[in-house]
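Okay, so chain A shows up in both of these, paired with chain B first and chain C after.
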Partner chain A sequence: MAFEAINKAGYTVVSMDETRLDAAISESFRIYLFDQIDSGSDRVVIDLGSVRFMDSSGLGTLVATLKKMGGQGALKLAAPQPAVLDLFNLTSMDKLFTISPTVAEAIEG
Partner chain B sequence: MDILIVEDARDQRMMLTVVLKKQGHRVFAASDGHEALDLLASHPTIRIVISDWMMPNMDGIALCEAIRQSDIGRYVYFMLLTGKSDRQALVDGINLGADDFVNKPVDFAELNARLNAGIRIIELKASLEKKIQTIEKDLESAAETQAHLLAEPRRIQQVDFDWYFKPSRILGGDMFGYHALDEQTLSFYQLDVAGHGVPPALFSFTLNNLLSEGSSASLLKESVSEPPFYRIKKPDEVLVSLNNQFQARPEAMLYFTIAYGIINSRTGSVTLSQAGHPPPLWLSSRSRTIRKIAGGGVPLGMMPGMTYDNVTVDLQPGDRLFLYSDGVTECENRDGEMFGEARLESLLAETFDHSIADMVRRVERDIVGWSGADVFMDDVTYLVLEWQL
Partner chain C sequence: MTDDQGQALRLEIDSELANTTLIAMAIRGLCAMTALSPVEVNRVELCVVEIVNNAIEHAYGHEKGHKVETVVHLEPAALTVTVSDWGKPVAESKLESASLPVDPDDPALWLSSGRGLPIVHSLMDSVHYQRDGDKNSFIMCKYIKG
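Right, the complex of A and B next:
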């Protein structure tokens, strides 16, 4: 279970070495993200490039992180793959997050 | 404690038996691995095995492996007797599941100490096994409560309802219901609380309470001061209220998707609002077409202040609405392939001439056949309504 955070142009870009963001790892991921925020990251991009499948707990983790930030700073989603994009469309995640096709566009925008 | 000694050397076997009996244990003895396995099977109270390594027919390590791979129904604490030169045997033994080892020649004070440690572990395991049994019984009883909350398939005014509900692993977060709001309006809904187990299930009971006939809350219908002195809320208003009332905490993201609708039983006009739920399907009886009712909407409980859309669908006599949870389309077969929307729609296209009861059974058969299993990974729920003039 590998989560990684790097700094890029003032953003904390978080990525993972996982193809499934589901019940098995979503709680650990949530704790990891909350730690980033508690340590001061207020501009976060989550790189979903490697995620082929996301379930309700994975989605819950993304929204929980947004709620945790309480309207301060920014939380963006980057590089969602087809199945994940379908889930985002079904649940209107574009109303909650800026969703970009690449990390670069997320940082620029 | 009931202890089994496995030792081919008679003197050793008898000495260990005497010493352990003196300490108040009940002792069984076997001279080889096969005899040991038979004794373990016929005496389920034996929970500790002290076994020599070098034995004919089946050695101590093979015995340990056999015990760990078998299905004897309880944890057996395994102690291996090893000589000083058997370091590799010790490592192999522990890797294959032995819990502890005792050097030969046996120092009885040490044996006793290690045995007591083993007894502490066995008692912990026994208490854990009992707690798990209690929890499972509670879960079963909660599942029964959940099943009893579901409305019976029936006709209300001009609308027939039928459904299929199979929660995964006992407790799930799926729920649905339907009832009359007045003499010409019915409400119906299907929701899916994210996750499995007790919190989603309890939350689904709460929601069922609010959305059902007996509810005194003004969620679906409110009093007004002019005749007819009540107003049926539009579906989007219901979703907005629920969303604002049940905001999740970031540490425990309990949220749910829902499709909620009202139907005018005289005209067949349906108004529906959705929040992140699989889009309901409209089955047109005359044209034999299947249409997805446009979906979207942020699931409820995620963010306050969200708004939702109302969609109106004018049913013709004989038309049906098919609402389902994602456990249906995400049901996997043995190769990990999902049932999917396309397969569901093709299947439904074959049921226009079925009664809704037969349609429900037909879908069930296909999904069970697809998954090849009796237990589903996620709750499988679907609700059908049919309107007649």
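Right, the complex of A and C next:
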């Protein structure tokens, strides 16, 4: 599994080379995200564009990251595919996260 | 397997989370044979993944070397998926289908786990849990509207 973080317009944009954000990788992704925050990133965009499938473990990782930020800075999600967006809507997690169609819009928003 | 009520397929994996994808891909393939919409196929995949992961994580405590069996029964009007393990049974209290509240203003309610079973209950048309000796099974059914 491969995660990547780049700096863009004041945001840390995290992406992954994975099509499934599920229980098999969610803990590794959580550790990666927590490391980014511990390293000082307080404005984070997670690019979900490559993720075709997400389960409750993947969702839990994003919620844990939001809690980790403790209301400081910003955590935004970008480019979710239909099945991923459906999961957010089904669980009402769309109320917690700022979700944008593209990374560019997440940064500008 | 084929009988007069439809077709059935039995899949077996070892209890590793990485193996859940194998079941998910097989389920997607089977669903593609039905009149389920793309959204419904995604949701059935999600439910099966949640229950298989539940068996690996909770019934077997992430321990490898145990069997997780998935049997898919395909009939013209319904898809029934039975996921079985031979590990620790699910506690009665966790089988309830209560939805989990989300309040953007109350971080204490931002749960990072425990959403799997509520998701399954909300998306499948029926969900049952049964114990038969040391075998524990979730039986989920999705109706197929032609």
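Keep in mind that, in the parts below, the second predicted complex is superposed on the first by the 109 of 109 C-alpha atoms of A that agree within 3 Å, B and C clash if a C-alpha of one lies under 4 Å from a C-alpha of the other, contacts with A are read in each partner's own complex, and residues count from 1 in each chain.
Everything that follows uses one rule, which is that contacts are C-beta pairs under 8 Å (C-beta built on N, C-alpha and C of every residue); 3 or more make two chains touch, one makes a residue touch a chain.
Keep in mind that this is a model prediction, so the values were computed, not measured.
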| item | value |
| --- | --- |
| Touching partner for A:A74 - first (chain B), second (chain C), both, neither | neither |
| Chain B versus chain C as contact partner of A:V63, first or second or both or neither | both |
| Which partner, chain B or chain C, touches more chain A residues | C |
| First, second, both or neither for A:A5, with chain B first and chain C second | neither |
| First (chain B), second (chain C), both or neither touched by A:D86 | second |
| Which of chain B and chain C A:A104 touches, first, second, both or neither | neither |
| Touched partner set for A:L96, first chain B, second chain C, both or neither | both |
| Chain C-contacting residues of chain A that also contact chain B | 23, 56-57, 59-61, 63-64, 66-67, 90-93, 95-96 |
| For the chain A and chain C complex, residues of the former touching the latter | 20, 22-24, 53, 55-57, 59-61, 63-64, 66-67, 71, 82-83, 86-87, 90-93, 95-96 |
| Footprint of chain A on chain B - complex, ascending | 192, 194-196, 248, 250-251, 253, 255, 257, 276, 278, 295-299, 302-303, 306 |
| Residues of chain C defined as touching chain A within the complex | 17-18, 20-21, 24, 38-39, 42-43, 45-46, 49-50, 53, 56-57, 100, 102, 104, 107, 110-113, 115-116, 119, 122-123 |
| Of chain A, residues touching chain B in the complex | 23, 34, 56-57, 59-61, 63-68, 89-93, 95-96 |
